[in-house]
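Two complexes, one shared chain (chain A), two partners (chain B, chain C).
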Partner chain A sequence: MTLAAATSGRTAVPARPRIAIVKFASCDGCQLTLLDLEDELLAIAERIDLVEFAEATSQRSSGPYDVLFVEGSVSTPEQAEEIVRLRAASTLLVTIGACATSGGIQALRNWADHDLVRAAVYPDPTMVDSLATATPIADHVAVDAEIRGCPISPAQLREFVTALLVGRRPGLPDEAVCAECKRRNIVCVAVARGITCLGPVTRTGCGALCPAYGRGCYGCFGPRESANGPGLARWLERDLPPADVARAFALFNAWSPPFRTVIDEAGGPPGPIDGRPTPEASDAHH
Partner chain B sequence: MTTRPEPPVAHDDPPRFLPRAELDRLFGALRATGRTVIGPTIREQAVTYDQIDGTDDLPIGWTADTAPGTYRLTRNDGVRAFDYGIGPTAWKRYTHPPRIPLTVSAPSPVGPTVAPVTPDAPPLAFVGVRACELAALRIQERVMRAGPAGDVDHAARRDAALVVAVECAVAGSTCFCTSMGTGPEVGEGADIVLSELDEGFVVRAESGPGQVVVDALRVDAASDDQTGRATAQVAELRETMGDPVPTAGLPERLRAAIDHPHWAEIAERCLACTNCTLVCPTCFCTSVGVASDLDGQAATTDRTWDSCFSLGFGRVAGDANFRPRVADRYRQWLTHKFSTWWDQFGSSGCVGCGRCIAWCPVGIDVRAELLAVAPPHAPAGPIPWPVAPPDGHAPAPLATVEPARYVETEVTDVRRETNDTVTLRLATDDAALLAAQPGQFVMVAQPAQSAPPISISRILPDALELTIRHVGPATASLTAARPGGRFALRGPMGRPWPIDEARGRDVVIVAGGIGLAPLRPVLDAVLRDRPRFGAVRIFHGARTPADRLFVPELAALAGRVDVEFAEIVDRAGPDWFGRVGVVTQLFEHATWAGAGATAFICGPDRMMQATVRGLAAHGLSADRTWVTLERNMACGVGLCGHCQLGPYFVCRDGPVFSVAELGDAFTTEGL
Partner chain C sequence: MHTTEQLSGGPDVADLTIDVRNLTRVEGEGSLHLQVRDGVVESARLEIFEAPRYFERLVVGRTMDEVIDIVTRICGICPVAYQMTAVHAAEAAFGIDVDPAVAALRRLFYCGEWIESHALHLYLLHLPDFLGYPSALDLARDHRSAVEGGLRLKRAGNHIVATIGGRAIHPVSVRVGGFSRILRRDEIRALRADLEEALGLAEATIDLVATLQPPTFRRDMRLVALRDPSAYPMNHGRIVSNDGIDLAADAWESLFDEHQVAWSHALQAHAPDGRPYLLGPAARVTLDGDRLHPRAAAALDRLGLADEIAHEPHWSIAARAIELVHAVAEAIDIVEAYEPPLEAAVAWRPRAGRAAWATEAPRGMLFQRFDLDEGGCVTDARIVPPTSQNQAAIEADLAAFAPTVLERPRAEVTHLMEQLIRSYDPCISCATHFLDVQVEELS
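This part shows the complex of A and B:
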């Protein structure tokens, strides 16, 4: 069932849907967002049956689930099998956060030599059974909806759950951050100050948080619809070396195709391939 | 060829002179009228239009350098307050705000009700409005008051604003008002006009409310020297600006460039980020968002700025999209600004302020793109749709601005047509709704849902019927309605089928799928008055036998001897003994002559295009071949911009069009 069907009122999500939140390779920050819905938390809790949510309850469930929220990327062989089992147990599968939707910051290792990366992180890498790549959930199973962000926004999570319960289309815009800057009357940091800003290619959802504080957008919500990463990169390269432009794209959503293209054209993320950051590479963008 | 703005209406009162040291008198006089003053001030390294208290907030001694993709605030250490050119804020922020509440739904004993929100329009004074910006206010006012129903929120805000224009003494490198005929001389529409000299301001009152403020300044008349220097400085500015955009014949040149390969080249650079449209002082497009509580009973809708550059803007039910490519969206924007705006509103949509050039994050310059797509020497190629001559544009008449009117109706009958389509009978005694004409549509409002446009499938003395297919959440709850359910309707809207034009002629009706629904009132009207029409031929196609609507009525048609009726399905089932194929097969080998006949066609785009070709082969003329189009009709009254198709708003100018009116707009992809 697609999200459109789920929110259409015909193939109805039950009045009190069974909902679970699970995680793969991630930091837990996105699922904690549910607890950030402080004012609405009790009302939502009455309307759903939260059968698994490790951050709030020790209760576990093997399914089935009406709605499964998945945080994190697939980084190990076990995870690659587990997500297939969970998909089969779920009516609606919704990825939450940059790791689940595009691979996350850990996907930077996808450009590096896997053994070198493991050797740089673990004293005895033979004990670590990881995959060579960290990949989004949609690379493994069908995904019905995405809630973007690093981390996701409480307002978008609330909107998604509300729309699901009411049976309407959730208002999760896929337009550029720029639209929100303009509506909020935030002066464009790229045009007025020459700051590197990923806003034109990044999906809104944060409320244009960074530009509101005079900083460029870091692309936390990943590529917007029609994201023209190469178009923005060509413009930035008038003033910056290609490695610096690639570095701007090589963050939480580096592995998403519109950003990956820019990084690939620069020969991969800047820095050595053994995964150990050099001092000059680690802080250049920020 | 540069043109000058229309000069303001001459006023008897001689210009006054406000010494620089006394400028705060102006702010005091404006506040004394109960207004909050909005004016130029420095924020976030730009000159923006925000609330200001007085002279100390003005950007005295500052200017700005602009170039494609660049704006830099710089000191000029002068004494002047208004030498900063054009910043990022357009005044539409205050007359057409980025977000306003539209409707509120609340629970009630008979179910939730939907009510429009009354606008809250604070009295404001705009200080520092440039000539181009004044032109933009006029243009946007024309848009927001165009028929059939003006925008009540805009009208309230514009009427509550007092405009203090300031004539430019400097121009940015991105300015081109001289080409667009909007400046640098201030044209009509201001209440007060200031010209800034080093020692102070020449002040002219240009309206009654403006005169009240000017009188309150209690300053002397300006000297001839002062007014002379004010006139000379703007004349000098005009000389230095030149004429960067050749506008002669531009609307026609752009129309002829609709298939130009340069659109795809621009799309390589364009980020479709929406910045150009949102800084543009005339762009007016909006979308409606829905918010609700967890029960969907208490809900609000709000209207936000949107842009033809966003993918969602061209999206319709079922997730089809009319402008999937960035090239489609750039073409829509540029041709609308400089060409089809003329057809819609009788002017250019561009005032030459240059914001779209400076605030494009990748420096795309409309002046250069216009030269590439529609160079001055371009031959006037075939024009893709018929238009009034350039000096004969006839935009829609200005409307009486009234709040949106929602009429509560009650479901009295529900008939399931197919597994995804139902016909609802909605009882009403509202005279306006019951006066609906065949081909018109209504917007159906429900709490916590968008309000989709639904064509009327039958007009009864005490009710309307709507035939609705489930394609998304809003139509889901409509198709799940039961007798006793209540829906608020807005309408009727749109241009009806020209049934009277068909009287005395042969009639051809071609319907595909759900397209039968808006044609059913045509059938009703023709059959009710059967002797007044010539031969009546009806051709109906459906995907499968199970997708046929109004099955008993189709059977009755098949039994009539006074109409020719034929059906066909794409895919047959075990119970189908009729024809299989596409609807054009029903008449392509027929021998009847169509010359002089009137055709009414509705169905999917490709079906309609094939049908039009097929009927043309029978001799039907394009100006008597009528189609009804689907677009994203979100407001229904030509104000939100979603349903534009070349020179038309489908909701306002259609949805019924003749093929002759549409021209290539009927078949051009991505328009």
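This part shows the complex of A and C:
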């Protein structure tokens, strides 16, 4: 089922939906965002059945769920099995945050040789279950909707939940951070101050937060639709060596295809997290 | 992802196994395993199976400004603690003196996180245990104003963090040498109204805590916290204990070490004598009570539970309430006195060396160490969160507490063990990160 169908009022999502929030490899910040809706939390709780949310309630349910919110990336063999079970138990599956949507910061290990990482990390690797990669939920099961961000924005979560409850399509804009930055009358940090900024290729939702705080966008909402990562990289390379351009992309959404391409072209992220030689960065500090 | 509770043995509880898979109302994924044979607790384990994320490797090759942004993602509940520890470590290594206004803002930032984190834990995660509800949302049906007050208190903390850092979770403004922009006086002063209300809510929390009746469980525990010459410990201090430990914060590794155990994706930290130690609000109130803000000291006098806080883990909720009063009262003082710095951040140059620091995260002391090359990029790192340090103490307490309640109905035993675990506010997402491990041989 698509989100459009689910929120058009013609769907199986009932007026009082059974909602579950689960997590895989992540920091807990995106699910915490629900509890950070301090002014609306109790009102929302009256409209839904929160049947599974281990961080907040001792009541548990293994399903079925009308809506499942998933935080975190798939990083262990158990998680790869569990997400399939959860998908089957859910009508709608919504990923929340960069880890679930693109793999998160821990996906930087996807460039490393897993055997080398294991040898570097564990005297006895058999004591720990870990997959070679940390991957987005959509690599494993169908995803109906994504709420972006590292972390997700409280305003977007509120909008999504409201739309779900009233049966309309949620308004989650796909424009670039630049558009919101211009509307806020923020002086462009890239043009005026020469600061590396991923705003042109990053989806909005933060309110152009980093430029508003005097620094460049670091891409935490991930690429917008049809983002041209390499195009921005070429522009940035007028002032920076490719390895330093790549390190700007090699953060929370590094594994998303438009950012991954830039990192691959530079020979991988800074590192070496597995002890191998790293691409040269002429002046890492700027 | 469901609770399986396996109970076996006769009514004489000679043999008993309790497994609670996926503990609730804690941050992250952990389990409780308790095994009793012939009436004796054979093992009590807080099993941590949160997926490893390899942060100490992810920061290799990065600048300290990048490290600030990366280590933040270890924990969505205490991102400020990770940023503060890294930025202080960097500034110490690079010989940077920040503007006094920047130092004050950082302390205000930390107050915000303590308020947010303590209000979250006290009202939404811990209080339901004392009043017999599965969650704060259920609690709110009967005690709505209490939960609403807790949420407003939490909001006041988040308001501070979002004002200084742009947003409540994973704030963006902390940079080596200062902040990414100057925080204006009017922005900081705008926090005043929220904080005035929060002070009343924090003091009301003291009254609420005074009515609680936790289970009785008393023991002597080694308590460890930072100690600052003049202030209640947050950003600075030496590492001290109630049994004579006293060392510089950057020297954590000279005394403590971490070990891998088979049942945990977090390393357990130990002192050389093998004796467990406990960090967090109870340790801080006990070791640094003379540094509390006068409003918090008065609240502690009124509450009269200083001895219980030192010896009874269930009374950590009182320590958290005291620290709520402290953090709000100190935040108001900082807001009142705030004058912006002349520049957002001072200029600096990287240099090779070792950047190490400890700060007091809401759950206790957080240690980080980064080895840096000439360009200021990380070549090796160690991050030791409070929960992995507390894990051995939690297990020791579980083993000591269990025999006192084994005669009770088993569902109640399970609940009591979970309640005890929650009293430490374990942050399991933080605890799992590990590296450079040593295997502990298990018989």
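Keep in mind that, in the parts below, the second predicted complex is superposed on the first by the 266 of 286 C-alpha atoms of A that agree within 3 Å, B and C clash if a C-alpha of one lies under 4 Å from a C-alpha of the other, contacts with A are read in each partner's own complex, and residues count from 1 in each chain.
In this section, a contact is a pair of C-beta atoms (placed from the backbone, for glycine too) under 8 Å apart; a residue touches a chain by one contact, two chains touch by 3 or more.
The shown structure was predicted, so the numbers you read here are calculated from the model rather than taken from an experiment.
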item	value
Side-by-side fit of chain B and chain C on chain A, or clash	fit
Partner chain(s) touched by A:T162 [first = chain B, second = chain C, both, neither]	first
Which of chain B and chain C A:A88 touches, first, second, both or neither	neither
Partner chain in contact with A:D174 - chain B first, chain C second, else both or neither	first
Angular separation of chain B and chain C about chain A, which is computed from CA centres of the superposed model and rounded to the nearest 10 °	130
Which superposed partner A:R183 touches (first chain B, second chain C, both, neither)	first
Contacts of A:N228 with chain B and chain C, given as first, second, both or neither	first
Chain B or chain C, by number of chain A residues touched	C
Touched partner set for A:L41, first chain B, second chain C, both or neither	second
Touched partner set for A:G214, first chain B, second chain C, both or neither	both
Smallest separation of CA atoms, chain C relative to chain B, angstrom	10
Chain A positions touched by chain B in one structure and by chain C in the second	214
Residues of chain B touching chain A in the complex	43-46, 48, 50, 69-73, 88-89, 93, 98-99, 268-275, 278-279, 289-296, 304-307, 310-312, 319, 326, 358-363, 448-450, 470, 472-474, 476-477, 479-480
In the complex with chain B, residue positions of chain A that touch it	4, 7-10, 40, 43-44, 47, 159, 161-162, 165-169, 171, 173-176, 178-179, 182-194, 197, 199-201, 214, 225-226, 228, 231-232, 234-235
Residue ranges of chain C in contact with chain A within the complex	1-3, 22-29, 50-54, 57-58, 60-63, 66, 69-70, 73-77, 79, 120, 124-125, 128, 134-138, 140, 144, 147-148, 151-152, 154-155, 158, 165-170, 172-173, 175, 180-181, 260, 262, 265, 344, 350, 375-377, 418, 429, 434-439
List of chain A residues in touch with chain C within their complex	22-33, 35-36, 38-39, 41-42, 45, 50, 52, 54-62, 72, 75-76, 79, 82, 86, 104-106, 108-109, 112, 117, 120-124, 127-128, 130, 134, 150-151, 153-154, 206, 209-210, 212-215, 218, 220, 247, 251-252, 269-274, 278, 281, 283-285
